[in-house]
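Letters A, B, C and D mark the chains as written, and numbering starts fresh at 1 in each.
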Amino acid sequence: MVVPLHSGLLTVSDYEKTATSLLPVHPRDYYNGGAEDEVTLRENKRAFQDYTIRPFCLRDASSCSLSTSFLSLPVSHPIGIAPTAFHRMAHPEGELATVRGAKASSALMIASSWSTTPLEEMKKEAGGHPMWFQLYVYKDRDLTRSIVRRAEAAGYFAIVLTVDTPLLGRRLADTRNRFQLPSHLKFANFASVAQEKMPSASNESSAFMNYVSGQIDPSLTWKDVRELAKSTRLPVIVKGVMRGEDAVEAINNGVKGIIVSNHGGRQIDSGPATIHILREIVDAVQGRVPVWMDGGVRNGRDIFKALALGATGVFVGRPILWGLTVAGENGVAHVLEILSKELEYTMRLAGCPTIESIREAKDIVVHKSFFARL
Amino acid sequence: MVVPLHSGLLTVSDYEKTATSLLPVHPRDYYNGGAEDEVTLRENKRAFQDYTIRPFCLRDASSCSLSTSFLSLPVSHPIGIAPTAFHRMAHPEGELATVRGAKASSALMIASSWSTTPLEEMKKEAGGHPMWFQLYVYKDRDLTRSIVRRAEAAGYFAIVLTVDTPLLGRRLADTRNRFQLPSHLKFANFASVAQEKMPSASNESSAFMNYVSGQIDPSLTWKDVRELAKSTRLPVIVKGVMRGEDAVEAINNGVKGIIVSNHGGRQIDSGPATIHILREIVDAVQGRVPVWMDGGVRNGRDIFKALALGATGVFVGRPILWGLTVAGENGVAHVLEILSKELEYTMRLAGCPTIESIREAKDIVVHKSFFARL
Amino acid sequence: MVVPLHSGLLTVSDYEKTATSLLPVHPRDYYNGGAEDEVTLRENKRAFQDYTIRPFCLRDASSCSLSTSFLSLPVSHPIGIAPTAFHRMAHPEGELATVRGAKASSALMIASSWSTTPLEEMKKEAGGHPMWFQLYVYKDRDLTRSIVRRAEAAGYFAIVLTVDTPLLGRRLADTRNRFQLPSHLKFANFASVAQEKMPSASNESSAFMNYVSGQIDPSLTWKDVRELAKSTRLPVIVKGVMRGEDAVEAINNGVKGIIVSNHGGRQIDSGPATIHILREIVDAVQGRVPVWMDGGVRNGRDIFKALALGATGVFVGRPILWGLTVAGENGVAHVLEILSKELEYTMRLAGCPTIESIREAKDIVVHKSFFARL
Amino acid sequence: MVVPLHSGLLTVSDYEKTATSLLPVHPRDYYNGGAEDEVTLRENKRAFQDYTIRPFCLRDASSCSLSTSFLSLPVSHPIGIAPTAFHRMAHPEGELATVRGAKASSALMIASSWSTTPLEEMKKEAGGHPMWFQLYVYKDRDLTRSIVRRAEAAGYFAIVLTVDTPLLGRRLADTRNRFQLPSHLKFANFASVAQEKMPSASNESSAFMNYVSGQIDPSLTWKDVRELAKSTRLPVIVKGVMRGEDAVEAINNGVKGIIVSNHGGRQIDSGPATIHILREIVDAVQGRVPVWMDGGVRNGRDIFKALALGATGVFVGRPILWGLTVAGENGVAHVLEILSKELEYTMRLAGCPTIESIREAKDIVVHKSFFARL
């Protein structure tokens, strides 16, 4: 336990409320918002309520272990940090504070390509603590390759390729705000290259949308994934898979892990909640590679449900940003501790004292339609 | 792109709010209202939320084409303008502004019989741009035939026969408003004939309801459709079909296309949303003629869903009137651009870069009950 | 059409609002309230929204007939007046005004045993217009028999036996109001007998609840129904059947018609809406006797749905009381006219211009789960 | 009937409102609150609305008996008092008032281990009136055994072992309140032993949570249950079973009765409502032992539904505490009378005048999905 920073910060929801009141409007909307009508944003969170935990009793809850492994990496709990951009908008120490929080709570962190701190500095701060690196494929393939090389050199353990962003989802609040990265911050991994090309906002799209359509390669296919997988000694994980067929494609093209994600409701709107689609993907994958999920995870019951539906672990994005906003590295660590404690409570009260036992327990988590059948 | 008219007008919903605040009460209620308790009006829009888009990833979103064909007519996007009455209540230039907006955004427009501009003037304004003509069958069959002849002569490409209006749905706001066409406007296609017969409002029905019950033939059957189809060289499309059996009847009587419609919730109340009934009709038709739909379409995701469920395209009514109200022809064009842009975003993010690919993608759009089965 | 009494009274809902604001608290709560938590009261009305009308088009709506028959009695529309007590609380002319309104709009009326006007006077006011008489079986069987004899002598066409009231449902508002019949009114059919036995209210039950538990026979079974049926030349109809088995019992015991009813949500709470249970009963009865329903009917779409699900007709209670409150006999007639007009609109717009055609149209009305299957 | 204490207290909901306004914040939150987001707390109550009572008519409601038996003990109604802690926070006479209220209304009471009155005094107050004793298994097994011996000696009829509390559910309001037992009160059954070990509250857990984690044995398994069952001449009942498999385990390990419970939504959150899970457990048990339930029971319809779904009876917790708060023993008795009267009303109106007849009536209570199938 790091520190009970603020009396009263007991849940991620407490952090959300506090961070939302502390942040200036532009970063707040950038972090909290979703695409278009935000149907998927809301649904990611709401859909967890469609699932119910059916607890066992009297299964010796004296010990409880959250440890598991992500690929071959042992982790002390199954809660990772999803890649999110621009941490220096939340806190002056930015990604370095996040890395320290991750380290303090032994959480695997996925560094974002669009960090406001260079990837090398992040990994250096992490020391021996494992990190993965999230990648976008730029139209400029030399640039892309150099990023992969740098991630390898810096000691990242895996490449997490985002596959749901051929163009940036239309986040209306950002457009209305004419959102752009504050002038004192920069895309730290692309300092020499991309900065000069940073476009400004228009009436109909934020600076950031214009940046993505100018820089990111929308023509990506599984063939590119196969080439990426061959070109690096690091395992390649894809983030943004939402259909069983695509999960199979991923495996067939050399991918070593899948993150079920809809980009936190920030890309296509009116798509399914990730928790709704998780089982389909787990069934398609048939255990050949691990499957994680992100999207709407706000407490330990949510995590338990994801594990029961077949996830190897979950990643959280906004909760980390809220922790970072409220109290820097301690906030990050505290949010992770809240989640792992809540997961532990749930496991012990559900009679599943290990991660493995959650997965093996039949119907431990059911869709609400289960009760209509009784 | 025509013009970013007003900063902040990013969605059809923005246009709705602005137009609703600008319009006087009587036209506002006439445009926005539905029949009786407005159950169907609300359901048309809400029901789209019952469907979810399951996106593919990594399918090369570098190019995206919205082009398709309506009958044998190539169209650059599948979004047409539904016939709506009395455009001069929304804007002094009325239907002529709408035609120019349609032309600017390459949208097929269905001219209403109850326009406040003669059909010949509308088509003349359109020039080579294709238009269809919406028809009511009057008790006076000579009048009806003359209208068809005029539509043919003016160069319309098809006759769209409305089949859901043997009498006018009871729109309570219009009755309470004692709604009638403002005195400076007229049923421009019936100037010499119908104007003198225009009844006034009563306590229990608007002037317009009385007009319809006096003029429109309620005894119409499929036999009349067959005769109409034989009597004109233009293809006949029926608008207002809500059952599979009726779609089959239509085809058997020479109809060349079907528009699934409940008249924007303005005729029978407590009927189904059009998006709910679309698949039934597509299944009944088995590809023999194209099927379009209207009703509740407010954004690009709605359109994507309709296409995935088998529609050849959609028609929008109120959004056009809102655009017309706010900014005349530019508003019409901007609304259509918003919708086509949103559709394009959705297609690219869903991995379906052509209209054909949407239709072919299995379970790309599913009813929410899909997730209860997983 | 009787009279457009008040401009603005277009729907039953308009009458409800007006009457509710006009009535003193005690009668208002007595009329509008239901038992216990009023779950069934609300559900009766809400459940109609679970059903959707799937209209046919182009079926010649030039003529439309609402006429049908109730037992062998031809009626010009299928909307009857349900028995409700104490009309003189709503209007000084009480049941006599209701009878005149029923007559003016050709609606079959069921007179309540608990009228504030003697049954003979009601029938006399009706003249040749048909009426049925609603019966409770009193512990005092001589009294009961005398009531039946009087109904026969007065010229009622049928006996409607209420079978859901072995004791009075606990209507909490009445208990809190210590509701009792105003002192200037009386149970007019029991003037000599029951009046002197009228108990007062207690903390836990209204005077009326105490009256019922003192007077009405709770031991009633189907055997009593059989005896009643044998003892009178009038057809016996039972009101309050909510299960298929009971409908079969009724027929086996000489009953000639069934009214599906939960007493307007005033007896058992947390029971099903009548519209939900209608099909079960129609299926059980297999056409051997007619089946009517009451409960929650507020507009023509509701009536259309009931007919489509197999009802021979519907009865309305509170809407009549609201009409009576607002404008006496004209209000009663206007409410009935509103409902029959709305039914006619719905029939014409749904392509079912006769009552028979509604019943024969396959899937003309479906439960909302229908669309989950498409 | 004991006493109509306050005019206007007609329902448990009336008692809830009154007690909630009378109680100081800390006891109020302790009594009324649930774990975490209180999803299960709310769902326990809401889920009853998913079930509907399908009444029979004309089944002779002149007599009605609520009597049944709990194990071999005849009870005059199937409504027992669930074990709840610390009654002296609600009323100065605490558990002794509750016992008197239970006795006055012939309700079987389960005494809580965590009473503020010694178990011997409670049983003495009860005299010949039967009581059961609720047990937690302490890490200190000698202490546990001594409690069982004392319960036997005092004349309790059964041991009710709580099986859902290896650790205390995280009730956020208590944590925020830094809830602890008021200093003038004590764990009366553990006066010499546990009091000195009472921890204080921390930022993240209430004193009570810390007490439980210090004292209660989290390692409990079915083996301990088997040993307990062998070690006492009293029948052992388990409370907190939420799965069919666990019910079978219980029986296999010598348990004589099962209480389906989620601890009033105070242990695991996001678990199912007890009424949803009842049928599964009844089916698994196949009549070998009785099955009771608690959780969300607030009126007689709820109880009727539980009995129809197979429960031998129900237990109520918070309603008793509300009655105790408002009016001491009379309040307890009045709450029980309200519930039994409401149950009786429901039974008579549903045509099931005995407890046995409820269980035997086919589909007397159905899930709402029943109507989608009609």
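As a working rule, a residue touches a chain if its C-beta (ideal position, glycine included) is under 8 Å from a C-beta of that chain, and two chains touch if they have at least 3 such contacts.
These figures come from a predicted structure and were not determined experimentally.
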When each step joins two chains that touch, the fewest steps from chain B to chain D total 2
Given over half shared residue numbers means same and under half means different, the chain B/chain C interface is different
Outermost chain relative to chain A, judged by CA means, is C
Rotating chain A onto its identical copy chain D by a Cα superposition takes an angle, to the nearest 5 degrees, of 90
Taking each chain's centre as the mean of its CA atoms, chain C sits from chain D at a distance in Å of 42
For the pair chain A and chain C, the C-alpha centroid-to-centroid distance in angstrom is 60
A full list of chain pairs that touch reads A-B, A-D, B-C, C-D
Listed in rising order, chain A residues that touch chain B in their complex are 36-37, 39, 47, 50, 163-164, 166-167, 169-170, 172, 175-176, 202-204, 217-222, 224-225, 238, 240-243, 245-246, 249, 262, 267-272, 276-277, 279-280, 367-369
Touching chain A in the complex, chain B uses residues 4, 7-8, 10-11, 48-49, 51-62, 299, 301, 305, 342, 345-346, 348-350, 371-372, 374
